[in-house]
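Chains: A, B and C, in written order; residue numbering restarts at 1 for each.
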Amino acid sequence: MYVRNCWYVAAWDYEIPEGKLFSIRIIDKAVLIFRKQDGDLVALADRCCHRFAPLSLGRVEDGCNIRCMYHGLKFAPDGRCIEIPGQDVIPATAKVRVFPVVEKHSWVWIWMGDAAAADESLIPNAVGFDDPTYNLRSGSIDYDANYQLINDNLTDFSHLSYVHANSFRATPAWASIRPSVRRIDRGVRVSRWLPQELAATETLPGQQATSVEAALWQTYDYLVPGVLLMYSALYPASAMPEDRVTPPEGEPLSANFTSQAVTPLGDQKTRYFFSWGPRRIDGGDELADMMFGIANMAFTEDRIMIEAQQRTINEEPGQEVLTSADTGPVQMRAVIRRLVKQETSGDKEALDVFEHAAE
Amino acid sequence: MYVRNCWYVAAWDYEIPEGKLFSIRIIDKAVLIFRKQDGDLVALADRCCHRFAPLSLGRVEDGCNIRCMYHGLKFAPDGRCIEIPGQDVIPATAKVRVFPVVEKHSWVWIWMGDAAAADESLIPNAVGFDDPTYNLRSGSIDYDANYQLINDNLTDFSHLSYVHANSFRATPAWASIRPSVRRIDRGVRVSRWLPQELAATETLPGQQATSVEAALWQTYDYLVPGVLLMYSALYPASAMPEDRVTPPEGEPLSANFTSQAVTPLGDQKTRYFFSWGPRRIDGGDELADMMFGIANMAFTEDRIMIEAQQRTINEEPGQEVLTSADTGPVQMRAVIRRLVKQETSGDKEALDVFEHAAE
Amino acid sequence: MYVRNCWYVAAWDYEIPEGKLFSIRIIDKAVLIFRKQDGDLVALADRCCHRFAPLSLGRVEDGCNIRCMYHGLKFAPDGRCIEIPGQDVIPATAKVRVFPVVEKHSWVWIWMGDAAAADESLIPNAVGFDDPTYNLRSGSIDYDANYQLINDNLTDFSHLSYVHANSFRATPAWASIRPSVRRIDRGVRVSRWLPQELAATETLPGQQATSVEAALWQTYDYLVPGVLLMYSALYPASAMPEDRVTPPEGEPLSANFTSQAVTPLGDQKTRYFFSWGPRRIDGGDELADMMFGIANMAFTEDRIMIEAQQRTINEEPGQEVLTSADTGPVQMRAVIRRLVKQETSGDKEALDVFEHAAE
């Protein structure tokens, strides 16, 4: 079950230099992305219309066209076949699908639905490497699991107390104290204050131990199809409001930002992109490296748990018993389900077993 | 096709020390077994009721409870959820399945059917390590094959002449001379006398070459779901009765015992447990080690043949041409088929192609 | 979709010395081939009729019979069971399928259809190692792809310009200039003249650079189920006819021959056998080795492309857009489709998606 009319992160921009034929499956479609001589990206179906050889085994010619290296058909950036060796007439059916593609915030975004509906304003406001405030590190890992299990994980941080007790040194408070969760456009917003001693036994990444009593403010938006944009900041404890929900005012002691994107390659293959880093004024490369090292360890902890969860589900599907910590996951699934419903005109057959829990 | 209301060997007792979260699939169900502080075992479905994370990635707390390490739900040994972090009310549906589990004869036995029907008297009389008579060695190997193919193998020793000509040095007599095979409760009993020179060109494991002319008496029960309990003994040739069926009287020259158990993990994954050893009065550790080394070699010969057989069947099912050596396999399949029929109220659809040969 | 009533290459003759139990799957059937003491080959279904153990794990006895090494059933070269240990009566159903098998032109040919219809005159005229004219090298590689994709590849050399630009140094002319393609009995014949400078930037394998202006004559028959027999020869350019189709007369400057056979093991497993070599009068072992090295490189280029093509098709079937270069593939598919239709009495369900393009 995929939303089609949305932007999926296909790659970090640095993964597709000129000359590279970047091949990836996104929501079960083979896609070729390459950079034209003028620097712009092109995204095409990675299958020649002739005999379905992958165009990613082909060759860029004329600085912008791609030639299939099986029988030599050549395609323009708009997907039209412009040459069939030894043949003058090119049938109108000789073309490959073209996908809208945009580079923004250091990510390559691809629109997998109706090209006419592609709307750049729907690209989430991730923080890229050119941002002057943060010193970011980045990477990606592949999961053998459905993307919705990763969405579930990222919209409910109660797992921090158990999955990330080692890496993030998260306390039981993450599981026992509920954050504020509310619906926003195409997603959910999760926010909370936690006194620093409840947030972590030592420090959260980027949250340097301070001599003053401190409190953590953390807020993130989680947006279709699976983009997490999270701001964490440490304030003097006195800044924490009574309701533990009202956002802070004034300058924090320190802060960091992480952008994450969950991209389904196929039903049980998912790529997880992430960057993380402290504000430049809070520390140098050493702090950025340290934080990213901890995050990497945590992401491996998640992957191990979620892949095991996927295997268990595959062995035998069942009816989940949801808890009050599932507000985020339930709302996020509902968001996705509604968009899919819109796209498929209410085709109920397209909905999977998870969604019944979602409303 | 599995019998559910029976005891399956899940492990050797030494495989589950305190502190170990032992995970195994039995007849397609994921099971967690662990030892409480008081030494007793607990067997639970290895999937949290919340989001199906494996409990075997969890943590034992309070000496007897298990906490899921994804979102922190805690379960008592009876399967009830006793804690949901951050939530006061625990719904009645928050529980995991509990399986009856018994330690006996050095094996861990688990009942996969209706817990109310679990009957300890149905546990076969295997010989454990604490038995004063025998000096046993033990192990297990996993098969990529259906358990019934291994049952077939173990209820018809005509294969010894071909599969085990090297390891056991079995002669053609094992294939050409039929044993007595008769139905017993929940299984079959296979017995025979063989003059020692027909039993093996040199010695059978544990059957020391003797200066007197000798004869082998061998008898085993094969019981649901796939438990083999076999006693072999060497007697003076003069003790062998005319009918070559009547059991011996008096003390043998030497004797040995083997307990074996075939446990289906899934349709084509099976774990094979075995112990073997001579009487303590017949020799020391050297003899026990030698016999077990030969048996291990033989079990590998079986595995190679049966896995190849399974692959051939998978490539193309067919109608077997049975022989007079198939009495044991045919009766054993009938026993299993009848029990399955009882459990499923005569659902004929549950019966597979093999069973048609069985009556 | 397989033609059954035809000869498949099962092996090079040297792959089955006496004493070897050669096991192979051909069109989804497990086959055992072995050499009797008298040197003749026997081909039997590689599954005992008793319990389906592979006979290739068995033992040749009496110089010509095969004993199953699971329970000892013995089979004559005609497939009849001639011994069941411990049993006097052998049921008429105790037999395994026997396949007609012929050694010819250094290949082992097996007839997978109706044995009564086996007709040795249908064996294609490949060139074997005993041929006095050519100095051949031989090998085989396995593909993870359907055999028809390889047939497509070998009946349309337009791919040389792209897939083999490195190995054969093929020029764009191979793709831009169409050969003559015509239907012959059970196959197609592809022929063409190419001026040497269009045939290859340097040399084709076996086509030594000459001081005179030269032209390449190349002709091959492609026969059911997938046998390519190709003669290539270099002539003085003056010998090339106006129509570039009429075969040459007189002695060439040099010549070479390649025999190739595509044998489906299963739906997406195919073995590709090949020999290649120059005339003995054109050079010694060094030339033969050089040519074969280049051919091997080219066959790997094909395999990489075709396996990638297969994966793309598997991900999502589609409707091919054919070109004028597809005459050979289309005709060859039609030949195969018609033979399959004949065999299956016009069963249209047996035809796959590819065939619709074929007429």
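The definition used in the following text is that a contact is a pair of C-beta atoms (placed from the backbone, for glycine too) under 8 Å apart; a residue touches a chain by one contact, two chains touch by 3 or more.
All values reported here derive from a predicted model rather than from experimental measurement.
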| item | value |
| --- | --- |
| Degree value of the rotation bringing subunit A onto subunit C, based on Cα positions, nearest 5 | 120 |
| Shared interface numbering between subunit B and subunit A [over half = same, under half = different] | different |
| Averaged-CA centre spacing for the pair subunit B and subunit A, given as whole angstrom | 48 |
| Touching two or more other chains - residue numbers and ranges from subunit A | none |
| In the complex, subunit C residues that touch subunit B | 25, 28-30, 46-47, 49-54, 57, 67-73, 81, 84-87, 91, 93-94 |
| Subunit C contact footprint on subunit B (complex, rising order) | 152, 156, 158-159, 161-163, 172, 175-178, 304-305, 308-309, 311-313, 315-316, 318, 320-325 |
